[in-house]
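When the chains are written out, they are named A, B, C, D and E in that same order, and each has its own residue count from 1.
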Amino acid sequence: NAKELRWGFQTDTDSLDPHAHAVTFTIGFLGNVYEGLVRRDADLKIEPALAESWTVSDDATVWRFNLRKGVKFHNGNDFNADDVVFSFKRIADPDAQMKTNVASVKEVRKIDDHTVEIITSAPNPILTSRLNSVFIMDKEWSEETGSTKVTVMDQDKISPAGQTSMGTGAFVITDRTAQVKTTLVPNKNWWDKTQHNLTKVTMTPVKQDSTRVAALLSGELDMAYPVPTQDINRVNSNSGTSVLVGPELRTIFIFMDQASKNLFGTDTKNPFLDVRVRKALYQAINIEAIKKKIMRNLATPSAIMISPKLFDRASDFARYPYDPAASKNLLADAGYPDGLSARFDCPNDRYVNDEQICQAVTSMAAKVGIKLNLSAKPKAQYFKQVLNPKNRDYHVGLIGWTPGSFDSHNVVTNLIASYSDEKKTGRYNLSNNRDDRIDELNPMIQSEGSKAKRDAMIAEVYKRVHDNVYYIPLHQQALAWGKRDNVTLQQRGDNVFRFRYVTIN
Amino acid sequence: MPKPSNQALLSVRNLRIEFPNRRGILVAVDDISFDIAPGEILGVVGESGAGKSLTGAAIIGLLEPPGRIARGEIILEGERIDHLPYEELRKIRGRRIGAIFQDPLTSLNPLYSVGRQLIETIQTHLPLNEREARVRALELLEEVGIPGAEERIDHYPHQFSGGMRQRVVIALALCAEPRLIIADEPTTALDVSIQAQIISLLKGLCHEHGTAVMLVTHDMGVIAEAADRVAVMYSGRIAEIGPVQEVVRTAKHPYTHGLMGSIPHIGHHVDQLTQIEGSMPRLQEIPTGCPFNPRCIQVMDRCLVERPDLQGVDQSEVACHLFDEAGLAAGAGE
Amino acid sequence: MNDVAKIEAPLLSVDGLVRHFDVSAPFLNRLIERLDRAYVKAVDGISFDIGRGETFSLVGESGCGKSTVARLIVGLYQPTAGSIQYEGVEIGPREAAADRKRIQPHMQMIFQDPFASLNPRWRVADIIAEPINVRGLLKGRAEIMTRVGDLLSQVGLSPADRERFPHEFSGGQRQRISIARALAGEPEFLVCDEPTSALDVSVQAQILNLMKELQNRLGLTYLFISHDLAVVYHVSTRVGVMYLGRLVEWAETKTLFENPRHPYTRMLLDAIPDLEMSGRQRIPVAGEVPSPINPPSGCAFHPRCPHAEARCRTEMPLPRNYDGVHVACHAVADGRIG
Amino acid sequence: MWSIRDCALINPLGADMAEQTAESLPLTESPTRTQSTFYRIWDSDVCYSFRSSKVTIVAAVVTAVIFFLAIFAPWVAPHRPFDVATIDLMDAELPPSWEQEGDSRFLIGTDNLGRDLLSTILYGTRISLIVGFLSVIFGLVVGVTLGLMSGYMGGYVDAFIMRVAEIQLSIPGILVALLLAGTLRGVISAEAYNEAIIYVLVLTIGTSIWPQFARTVRGSTLVERNKEYVLAARVIGLSRFSIMLRHVLPNVMGPVLVIATINLAIAILTEATLSFLGVGVPPTQPSLGTLINEGQNYLFSGLWWITIFPGAVLAILVLAVNLLGDWLRDALNPKLR
Amino acid sequence: MIAFLVRRLLQAIAVMAVVALCAFFMFQFVGDPVNQMVAEDATDEDREYLREQLGLNDPIPVQFGKFALNAAQGNFGVSYQHKRAVSTLILERMPATLELAVTAAILAALLGVPMGVYTGLRRDGFASKVIMTLSLIGISLPTFLIGILLIYLFAVILGWLPSFGRGEVVQVGAWESNFLSASGLKSIILPAITLALFQMTFIMRLIRSEMLEVLRTDFIKFARARGLSNRAVNYGHALKNTLVPVITIIGLQLGSLIAFAIITETVFQWPGMGQLFLQAVQVVDIPIMSAYLILIAFFFVIINLIVDMLYYVVDPRLRVDQPTGGGHG
C-alpha cells in the first residue's frame, strides 16, 4: 500500500546544488538527499552520519574522521575518502555560497579510502557543528556530468548538479519541475535503518499563505508550513488537520544605533547613546501582549539573544519588566521628559508577523513618548539599507538571527563583538556598540574547549548586553507546521523537515 | 377627405407621428393622408423639419423610438402594414418597399464589399444561391449605371465616389424589385451632373417596372423634372398636394406660393428674392388653427382658431381656409 | 451690377495660386514598395481679382477645389505657390504672416454646414461676441452684449436668443447666427462656402436677401461658392468656373450664363434641372470624374470633351481674355467653338 | 460625436458663463432670468435623466455619503486610528459589537492591531479616495493635455507623444507602479517615502493611465479639429492655444469624463493590488486596499470583519461611482436620450 | 505590407530598448542582490567577490551595454537565485502563463461579447440592467480577494476544484499543456475566471457602448430597410462595426492581462512567468526581471502587430491599396 506524502512550503529550493546556495530551506531540503560526515537528530544533536566516528587533536586543529563503509550513492557508486576530499574542495570554491561552513578548514587530507583528516587554520572545538551541512557528492558522477564546480554567472558554465542530484541520503529525487513539483522515493540501499513508512514524497511550493492553508484544509496537501499564526485555530478546528507548534531557534530583537553622534541623516543628537533611553524603550514594550495578540502565544519571550535550547544557562536571565511608568521616568532622567522621535526600520516579508510586531512596538513606544516613525519594506530593500557597516542608515530596527552553528559564539562574534573588517567580527553588530570586554572574550570563547568555562564566558557577554541594553531581545518565534492527522513527524527547531521521521497511517 | 383609391399602391391614411417626451407629446406629423399609384412619382417638398423624412420612415416601419405612429393606417397594395409584427414587416422591407436614405456616404456598411451587401440582400428575399445572386447583383449594378460592374462588385464603399455610392444604394433598394421606393433626398449635396444621372435612373425605373416612388427633396428643379404629383408639407401637415404642373405653376396654398416664389431663376434677374417672413414654428409651439398663420400674408381670423382640412381645388387638394366656400374668390385671385 | 467697383484697384487679387496636398504613403512604404510621392493638386494655378463691393462666385464639380480656394484666401491653408494680395498687400506665403495677421480681421468666412460651424457648447452670445473680443472692438461686457443683440436683430433673430445654444435653432437660423458672427468682426470681405446647400428654398431666399441687403448697405465684398447655379446667377457679379483645380472660364454673370464658351461650362449649364418644364432634356456631364492625383495630361477636361483634339491631350490651354471673358480652351482659341 | 447639450451641469466653463451673462444683463426679461440659471440646470435633460433614474440617485447619494464621511473622517470617526499612541494591542481582533465578544467602543470591531475598524475604514477611504482622485486627475491632466496637443498639432509632436504612450503601454501599469515605487523607496529617505508614498502612488497610477486619456482625446481631437467651428475660430484669429482650450477641449471632455469614472475605480483597486504586492501605503496609515489586504490574511481564521467591511465599502463605492459613470455616459450621449 | 512589417519591427526594437533601459535604471533601487545570496556569516570579501562576479561594480551604462549585447544574441544571463539560464527558466514558465492568459481572454470574450451585444440591444431591459450591475463585481473587488474567495468556496468548502497549481501537465514537444488532462482542465478553471472577470466586464461595457453608437448609424437603419434578418443586422453589421475599437482595447488589455496574471498566478500558485518575476523582485534577481520586462514589451508589440493586422482584416478602409474608383468625397 502506497504511502505518499504531499507537502508544501512557501518557496521551492533554489536548485539542487548542495553547495551553491546559502539558503536554509534549500540546504534543509537537500539534507534528505545528501548527507554530511555528521548529521543532526530530531533534537538537533550532532550524530555520526557518513563518518562513523572521529577524533580531535588536543589543540583542536586536526580532526580525523573514520568513514562509514559500504555506503553507496544513489547510482550505486561506493562512497569513499576521495568523495569527501572532492566535496570539501567543491564547497570551498569562491562561487559556492556554502563555503562559510568550511571557512576554518585549511586542508582535507585523504589518509586511506575510509579515513580523512581535516586541518583547521585555528583551534575550532565546534567544527562538527558546521559539518552537518557540508554535503558529500559523488566525485565520479560529478566528473561525468561536468558538475565539479558550482554554477557561475555565465550561461555556458551552468552546473548540471543544479538540476539533478546524486547523494547518499535516505531519499532519491526521481522527478523535478522547478517551482512546481519535486518527487522523491526512498533510497532502498540506504545505510541507516528506516524509521519512515513512505513510498513517495512530493514537494510543491505554495507561496501565498491563504492558498497554502486552503490546500491543507481541502486535503490537497498532507503537510504544509509555515501556517500563519492566525490560521492555526482554523486548521486545528478543521477535522483531519492540525498544527504542530514548537519553538524555533530564531531570536527576534530590536537594535539601536549606538555609535553615531547624531541620528543618521539628521542634526538631532542620538538619544540611544544613553542607556536609560534604550532601557526606556525596552520597558515600554509589552512583550506579553505581542505574544498573545500578534503571535497567538506562538512565541517565547526572551531575555537573551539566543534560544534557551542552544544555551544551557539561559534561565539565568530575566527580561526587564514591562513598565511604562518606569520608562517615562527613565526618559525624563535622560533629559527627554517630552519624549523623542526616531525612525524605525522594519522588514515586512522576513519574519513571522514582522510588520505587525513593529507596528505594535511603535504604538507601545508612543505611549511613553518615544515616537517611532515606522518604515516597513521588503527584505531585499531593508537589508540593503541596514546591512552596510560603512553607512549605517538607520536609527532603530528589527532583525532576527539563527546561529548557523547552533552555538552562542556565532551570536557573539557576529552580533555583539564590535565591527572589525580584519578580525571579521561584528559584521552584524547593528547596534554598533563597542564593548572592550566583549571583544576580549570573543576569541577566548572560540577556542575554549571546556564547556563550563565557555558557558561562563558566554553568560558574561550576555549579562553585559542585558545590563547595557545593547539590544532589546523580543522572543523566539515559533514553528507552526500544518499536517493531516494521519501524519506523524518530528519538528526540528531549525525549521528543517526530515522525511525519515515521517509515518503515515 | 379623399377615399383610398382602388388602384393606389400605397395609401397613407390620417398618419400621426408622435414623440412622447417628459414635457408632453410632440406631434411631428399630424393627420396626413395621400396615395401613390403604381408607376407614379410623388414628390414631397417642404420646409426643413416639416416631417418629410419621418413620413418615409413610418411607411417602412423604421421610426426610431421614442417616435411612434400614434394614429392612422398605412396600406400597401390593399394590406395594412403599420401594425405588423417586426418579422412580418421585415419581409416587406426590401422585398416590397425599397428605401434610399439621404446620405450615400453613410448608408453603406463600410466593412463589407458592395457585392456582399447586394448578395446578402438578394438572398434574404429571393431563393437564389450565391452564384445566381451574384449574377443578379452584377445585373443590378449595370442597370444603375456603374461602369465595369464585373470589376467593381468586389470593391468597398470607400472606393466609390459619392455619385456611384448613391447608385449602389439605389441598386440595393432595387434588389428584390420592390413595388414602392422611398427616396429621401437622394441628390442633396451632389452636383448637378450626378443629380441628373440619379433622377433619370429613377424615372426609368418607374416607366419600365411600374415602380412607385416617393421622392423627398428640397430641389424644386428635381421635382419639376421628375415628379408626377407633389405634396407640400408644412409643420407636420400636408399643405397642398396635386399634379406637379399645377402646384408649381399655380400654387394655391400661401405657403406653396411663397415657396415657389423663393426660387431663384436663371435668366430673369431680381434684386430681392420673394421670401416668406418669419420661420417655421418649433414642434412644441405650433399655433392653434393653421400652423402657417403667423407667417401668412392672407391670414384671417378663422385661421387662428380652426384648423383647415385638405379640400379639392382643381386637380389638387389644399388645406387652407382661403378655399373654403367663403374665401374661394379671395384665394383664386392670387 | 456695381460698375464703379471694377474700375478701382481690386480688393483681393489672386495670382497663380497653387495648393497641393501630400497624400504620399509613409517614407518606408515608398522605399520598399517603390512608390512615388503623390500629391492631390487641389488648386493648380488660378488667378482672379475681386473688386470692392462685388460678388465673385466659384462653381464647378464636387471636388474641383472650390473650398480649397476659399480656405487659402482666409489663411486656413498655406499656398504651395502663388500670391494672394489684399488691397495690394501680399498675405499668401508663410513669410507674410505678420501682414496676414493684420489683415485677417478684415476677412470672415461663412462655412457650409450651419451646425458644424458653431461650437455646440457655446451660447449664441459668446459665439457672436468672440470676434469682437478677439479684435478688441468693444470693451465691457454690457456694451458687447448690446452689440450682439443688434447683430441678432440685423439677421432677423431676437436679442433674447443670446442665451440659447445653437442646437435650439433651425438650420436657417443657425446659418444666420454664423452670418451674425461673421459680421460681428466688421469684415470688408466675406467668403461664403455653400451657405445654403442644406436649406429649403424659402429659408435660402431669406439668407440670400440678407446678404444682398448687407452688401448694398455696408459695401461688403463676397466670394461665393455654390452648386446651385440659379443661386449663383442671382447673387453674383462675376462667376468663375473651376475644373480640376483650375479656372477654365470667368466672366460677368450674365455673359457667362447667356453665352458660355468653355465646353465644360456649357455642359454644366445643360445639366441644370429645368424648372420651367419646357420639356428640355437635361444632359449630364458625360464620363467619370478624373482623379486629382493623376490628372489627365494637357487640358484636364479632354477625356470628357466633345471638341477634344490631339493638342488638347498634350498642351495645357492658358486662359485668354475675350472681351472681358476669360477662357482657357484650345477650341475657343482656335475659333472652333465660340 | 459627443455633442453635449447641457453644459451647465458638466461644463464648469458653461455654467460660469451662464452666470456672468445673467448678471451682466439684468435689463432683459429679468424676472424669468433670475430663476433661470438654477432652473435651467435643474430642468436640463441631464438633470432630468438623473432625477428620473432611481438607481442613479441612490448611487449619487451613496457616493456623496462616502465622500462626506471620508472628508470629515477626523470629526466623524470615533477613534484616531492613525495616532499610534491611542492604539492598544490588547483591543486587537474584537468582533463587531453585536457579536458576543464584541466591545461597545468598537462598533464593527477592531483589526489585528487593535485599531477601531470603523475609524480605520473612514480614514482609509480618505486615503483611497485621495489616491484614486489625484491619480485620475494627474492622468487626466497629463493625458488630456498631451492628447490635445497630439491631436491638434499632429506631425512630429503627435508621433512623439504617441510613441511615448506606446512605450508606457507596453509596460503594464502594475509593473510600472511596482518598479517605480521600489525605485523611489530606494532613492528617497524612508521618512520622505512615508510622507510621499501617497503621491508616489498617485504618480505611478496616474502615469499608467494617462495614455488612455491621451489616446481617447487625441482621437476625438482629430475629429474635432477639422470641424468647421474650429476653422471658424481660426479665421476669427484666435490663437492655437485658445482654440485648444476654449473650443476643442469642452467638446472632447465627454468620453474623458466616462473614462475617468471607471479609472477612479481602477486606481483604487490598483492601489489595493499594489499593497498586496507590498508597495502600498504604510501600514500605520492603511488605505481601504491595505486594509483588505491585511484582512485577507484573517479570512480563514474567522476574523471576517477585517476584510468584509472594507471590502464592502470599496465594492459599494466602486459600484456607485460606476453606476454614475454609466449614467453619465448615456446621459451625455445625445443620441441615447 | 512588407513596409508595414518593417516599420513595426523597427518600432518594436526601439520600444523594447527603451523599456529595457528604463527597467535597468530602476533595478538599482529594488534592493541588493548580494545580500539575498550570501550566507549570513559571509565576510566582506566574500560579498565583494560576488559583487564583482555579478558585474554589479560596473557603471550602469556598461552593465546595460553588456546586457543589451547579450540579449541581442538571445542570452539573458543566469538567474542569481536559480543558477540557471534565464532563457530556459522563462521558456519553461511561458506555456503556463500563456495558457492562462489565453484561456482568460477567450473566456472574457466568449462571455463579454454576447453580453455586450445583448445589453446594447436591450438597453432598458431588466435583464440588461441586472447584467450590467452584476458585471461591476468584476471591477469592484481586488483580484486577489476574488481569487481567495473563489478558492475558499470551491476548494475548501465545496472541494470541487483544486486550490493551487496546474494539475497534471502533458508534454507536447517543448510545450507543457494543461488542456490534455482532466486535472489540468480542472485546475485552470478558477484562475482563468479570476483573471477573466475584469476583462469580461471591460469588453462587455465597451461593446455595449459601441453597439449603442453603431445601432444608431444610417447604415444599420438602411440594413433594416433592406429587410435583412435581425441576426444579420445585429451581428453581421452592427457587431462587426464595433470591432475596431474593441480589438484595440482588447489588444491593450491583453498586456494588462499578463500583468494581472502576476497576482492570479501568486494566488493560485500558477507556475507562470508572473510568479517567477514577482519572486525575482523579492530576491533582486536582475537577469530575470530584465528578461521578463523585455518579454512583456515584446508580447505587447506582437499583440499590437496582430491588432493592426486585424484592423486590416476587419476594416477595408484601412488597407493600403490605392483607391481604384475615380472620385473623392
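Worth pointing out:
Criterion: contacts are C-beta pairs under 8 Å (C-beta built on N, C-alpha and C of every residue); 3 or more make two chains touch, one makes a residue touch a chain.
No experiment lies behind these values; they were computed from the predicted model shown.
Where touching is counted per the definition, the chains common to chain A and chain B are E. Note on interfaces A-E and B-E: more C-beta pairs are in contact across A-E.
Ranked by distance of CA centroids from chain B, the top chain is A. Annotation: 25 Å between the Cα-based centres of chain D and chain E. Centroids built from CA atoms put chain D at 49 Å from chain C. With centres taken as mean Cα positions, chain C sits 88 Å from chain A.
Chain C and chain E have Cα centroids separated by 53 Å.
In chain A, 210, 214, 217, 349, 378, 381, 384 are the positions where the chain touches two or more neighbouring chains simultaneously.
Shared interface positions of chain D, i.e. residues touching 2 or more other chains, are given as 182, 185-186, 296, 299-300. Residues of chain E found to touch two or more other chains are 29-31, 148, 152, 156, 216, 281, 326-329.
Only residues 1, 55, 163, 166-167, 169-175, 178-180, 182-187, 262, 265-266, 269, 272-273, 276-277, 289, 292-293, 296, 299-300, 307, 311, 314-315, 317-319, 322-323, 326, 329-330, 333, 335-336 of chain D touch chain E when the two sit together in their complex. Those residues of chain A that touch chain E in the shared complex are 11, 14-15, 17, 20-22, 94-95, 97-101, 103, 150-155, 158-159, 162-163, 177-181, 204-208, 210-212, 214-215, 217-220, 349, 378-381, 383-384, 387, 389, 401, 404, 410, 414, 421, 424, 427-428. Every residue of chain C that touches chain B in the complex is listed here, in rising order: 60-62, 170-173, 197-206, 208-209, 212, 227-231, 233-234, 254, 257, 267-268, 271-277, 282-285, 288-289.
Taken in their complex, chain C has these residues touching chain D: 71, 74-76, 101, 104-105, 107-109, 111-113, 116-123, 125-126, 130-131, 134-135, 141-142, 145, 159-160, 162-163, 165, 167, 178, 181, 185. Residue ranges on chain B touching chain C, taken from their complex, read 45-49, 147, 161-162, 188-197, 199-200, 218-222, 224-225, 245, 248, 258-259, 261-267, 269-276, 279-280, 282.
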